[in-house]
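What follows is a set of structures for review.
Common to both upcoming complexes is subunit A, partnered first by subunit B, then by subunit C.
Here is the complex of A and B:
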């Protein structure tokens, strides 16, 4: 335990926490959809990635500043989220939950292949901001672009909270997630709320995808799988249906991932993250903030 | 001819993979770990024949037993959670297995060459079939003998009390528990049986392709495993068989002429089937042949069955 090792540890912890906010956003997306529909949308990561590609495609057509590229990415992902809703969840009967699950797997394969086909499987450079800026705190330095990623993700979380707890739309969403039938009896159009939730979570996913690509610097189809698995891990650690859980889970996964990468190298990193998840599942199946009573 | 025999081999191993997921799906659990068991089976069987010179039949049995035990060990903690959480837990297990083989190195010297799993490079030269002079046709026959045995066994289990018990758990856990069924035992048993079948499939797969590497056993393979039975319908084992023939035979091989676009078609097709026939191609429970040919209306016979 020498001094420099300690500094390295703190450094990777800080980087992990900053980057973990993108995982938190993906986790929130999964949780929102699960909250209102009680179903898992496995196509979510792929849809987020496809949205990010929409932003990139817009930048190819007309040169845009990075902020606008991010914005178009988020919007594109929202639209794709609506398509996923129509394709996988709107018309499959709720009495067969496996049908919707497999349909979302089909959508995942479809979107993934479409993206690979249209982009020829090549990684493309993705714009970023504050690439060369950095803040130094003693021996620790913080990358400017990671700080920007952190800022945008926190901002989207704040907007989401405002939307959920300060608007009538949010009230309707929370009502549907608590008791769909009672909400319907009160005159809340559950179908529209479901569709809107898919759009909102799509926008969050697009933001997360854009921020991931901005932090890495390139956009490639491989990101979709890691978005999906990391998002699911975050949701399970935080507890399905809990937004604060997803945020804390995201930060934890980001930090754990970076620390394991420092300790055991990049090839073994994911084994330990999965192991962490497995331990969580067996010892605390409901997650950190999961509410297992009166559900299912 | 060689091509079609090779295709038969592929169909055989994929049927085993699909059946392994079918057993678990009967209890209402979606397991994404089947690709992991398949990988363990592939590596264990390949190590037995290539490194220790065992005959393929005992090698496959060893692989099957070890993956069955592994599935049981994984099943106990994993089945504490259910539904969506189980999807995630088993997904994590599958990825863990894949990452394990990505880092796994164990090579021994045989005939002056190093043989064995070599990390990211994979496991090369699993040459049991060519070394012993098996033709493509022999291999296909061998694989299909095993597939038919497994299919028959599962079909038989399906039509006994054990099958009814599995389905009871799948349809309504609370009701099943209230008639005195032990949920944990049944789920773990289904998991172990599924794991054992996946192990057989993996062991055969390793020998047909002679080179295995971690990348093959990813999430995509796991989704294929659960896609076969759900797409074909959980009514009987023939749904899985039909789905495998349709996907691997028709979509992957038959439509080669449209090139890259067929993988797009695959996802779109799953979407279409799930929207039009949410219970799968053959439906939830295939009506027995007797009712199809008898003069009585199926409603009457169904009513008699439920009495």
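Here is the complex of A and C:
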């Protein structure tokens, strides 16, 4: 193994782990919604992207510092998350689980097309912070902007944990997730909890979209499909419904992607990531931390 | 009395409307990707077609076989850069009164689409569609040879890049090495790097010191940029579309990679690249068959802008196609009736096939026997948020 290869391997791993936090955030969004409603929201990636565009649009209207652009992106995505909830989940009969799933597929295509139509499919520069900063450890570079992305994603996860385990809203969310009928009997407004879960997931998705665009420096509708696919892979590997699983899964996918790209090239990279997905689906269908307990 | 007035007014109105009703229109369909992630190409082509039709009609339209005048009309059909949809769209266009179609946008649509046309004219054993197509955007080399019903007005990338690397050799004599970056999953980008740019660079004495590959929707370019940094190339050539071109340029900037010369893909000499990353693209040199360098080109650019589009090497071809078709229709003696539709299509095909040269926006375009074109071109460079001509081989 030559020296440069070893350095490249470490560098790929570091970059992959840092960037993997965006996958983790997307995975958490998928898993939160699934945990509470036991339904997959396939429009999630597209809603995250649309929210990211909302932040950019705000920056076009009035010049904003990057942090505010990220914040508006997250909020925009939260609002779109709520609209997705109303459009695809709130009124679809729970006796037909496929209805909500297919409605979310329709919403995915609709949002995607709307974003492409409004943006004319053009790539737009997206602000980033610490773009030219770096930490050098010998031959290894740690990108300042990726470190920022990593920091924001970790901060979002900490806030989410605080929200889920230290607030009454979190208690209600966990109650609905574990025993929805019992939670309802205890007076917890399950409809409101579901709606709030979509908003919180949307905010996380918007943050992930903003961080992805900030890391690339360019925002394009092309990102939507990648966010959706990566998010789904992350939740399968981490275990649907498990937040720690989504975090570990996100970091794993980010690292695996970069390392396989180095080892096998870009054209084979995704084959190995999909192989990883296949292995989990066949040998450990519940994922790393999948909840095997049933609920009422 | 009131009824009489109403009847009189109705008769006058109907008589006034009669010439308009009797007016013949010749339809030229446009098709390509006007939605989806490459939708901007189709939107620009559509705007160029509308602007061209408006100009032609304002100048009196086209002349039919009986000497009467006909107006042109156009309608743009969306194939979303998808081969199946492209084939379906063309079959639909063929059932309308369209005399010819201009399109498609994507080479991955053009290749199978041309395959459903009759390969050789008058081949009774070939039941392929007999419908003329005059391609504006899909640029992958050599596709017109698939069918004699296909004509293209796309520039020859092989010629342009050959000339570009010859010019680079002469202009930057101290440059010796080149690194290629390629969007591996997009037919045009792949073809242009591996079959065009790389071959031209090697032919003119540049040593290829490395290649970096990525995919159309990739968001991380650090591995490729690291390899590029280590190779220390004098020239970096990026054969990719604007989103990943911008992503890669930003990563190069981040890793402080500053080659002496940056070369880009023809399709990136557009507004998109400058919108996405004007600062990082500064100095990027691209050969293109369109730049607003003369009065005709400036007029066309303004007319298309008024229709909400932008004129670049692709949409300029759409404009040129309509101007060429105006002259072809005038010369072909078509009748413009429902009964003559198939023979009109054939006449237009034959007239297109008989052309040796046509006038384009940058000068005379040569028409080749296989339906391809040789177009004048210039080398543009990104400068201060716009494209400026850095060299005009024709001047």
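Keep this in mind: the second predicted complex is superposed on the first by the 293 of 296 C-alpha atoms of A that agree within 3 Å, B and C clash if a C-alpha of one lies under 4 Å from a C-alpha of the other, contacts with A are read in each partner's own complex, and residues count from 1 in each chain.
The rule is short, and it goes like this: contacts are C-beta pairs under 8 Å (C-beta built on N, C-alpha and C of every residue); 3 or more make two chains touch, one makes a residue touch a chain.
The structure displayed is predicted, hence computed values, not measured ones.
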**Report entry** Partner chain(s) touched by A:125 [first = subunit B, second = subunit C, both, neither]
**Finding:** second
Query - First, second, both or neither for A:225, with subunit B first and subunit C second - result: both
Query raised in the report: Should A:216 be classified as contacting the first partner (subunit B), the second (subunit C), both, or neither?
Result: second
Query raised in the report: Where does A:91 make contact in the superposed view: on subunit B (first), on subunit C (second), on both, or on neither?
Result: first
Report task. Examine A:267 and indicate which partner it touches, taking first as subunit B and second as subunit C; both and neither are also allowed. Result -> both
Query - First, second, both or neither for A:113, with subunit B first and subunit C second - result: both
Query raised in the report: A:4 contacts which: subunit B (first), subunit C (second), both, neither?
Result: second
Query - Shared subunit A surface residues [contacts with subunit B and with subunit C] - result: 113, 117, 225, 267, 270
**Report entry** subunit C-facing residues of subunit A, complex
**Finding:** 4, 8, 11-12, 15, 19, 113, 116-117, 120-125, 131-132, 141, 143, 145, 212, 215-218, 220-223, 225-226, 257-258, 261-262, 265-267, 270
Query - Sites on subunit A touched by subunit B in the complex - result: 34, 39-40, 87-88, 91-93, 96-103, 105-114, 117, 225, 229, 232-233, 235-236, 240, 267-268, 270-271, 274-275, 277-278, 281-282, 285, 296
Report summary line: Interface with subunit A, subunit C side, in the complex: residues 35-40, 43, 184-185, 213-220, 222-224, 226, 230, 242-243, 246-247, 250, 254-255, 271-272, 275-277
Query raised in the report: Which residues, counting only subunit B, touch subunit A once they are in their complex?
Result: 25, 30, 77-78, 80-85, 87-89, 91-93, 95-96, 99-100, 102-103, 120, 218-220, 223, 226-227, 230-231, 260-261, 263-264, 266-271, 274-275, 278-279
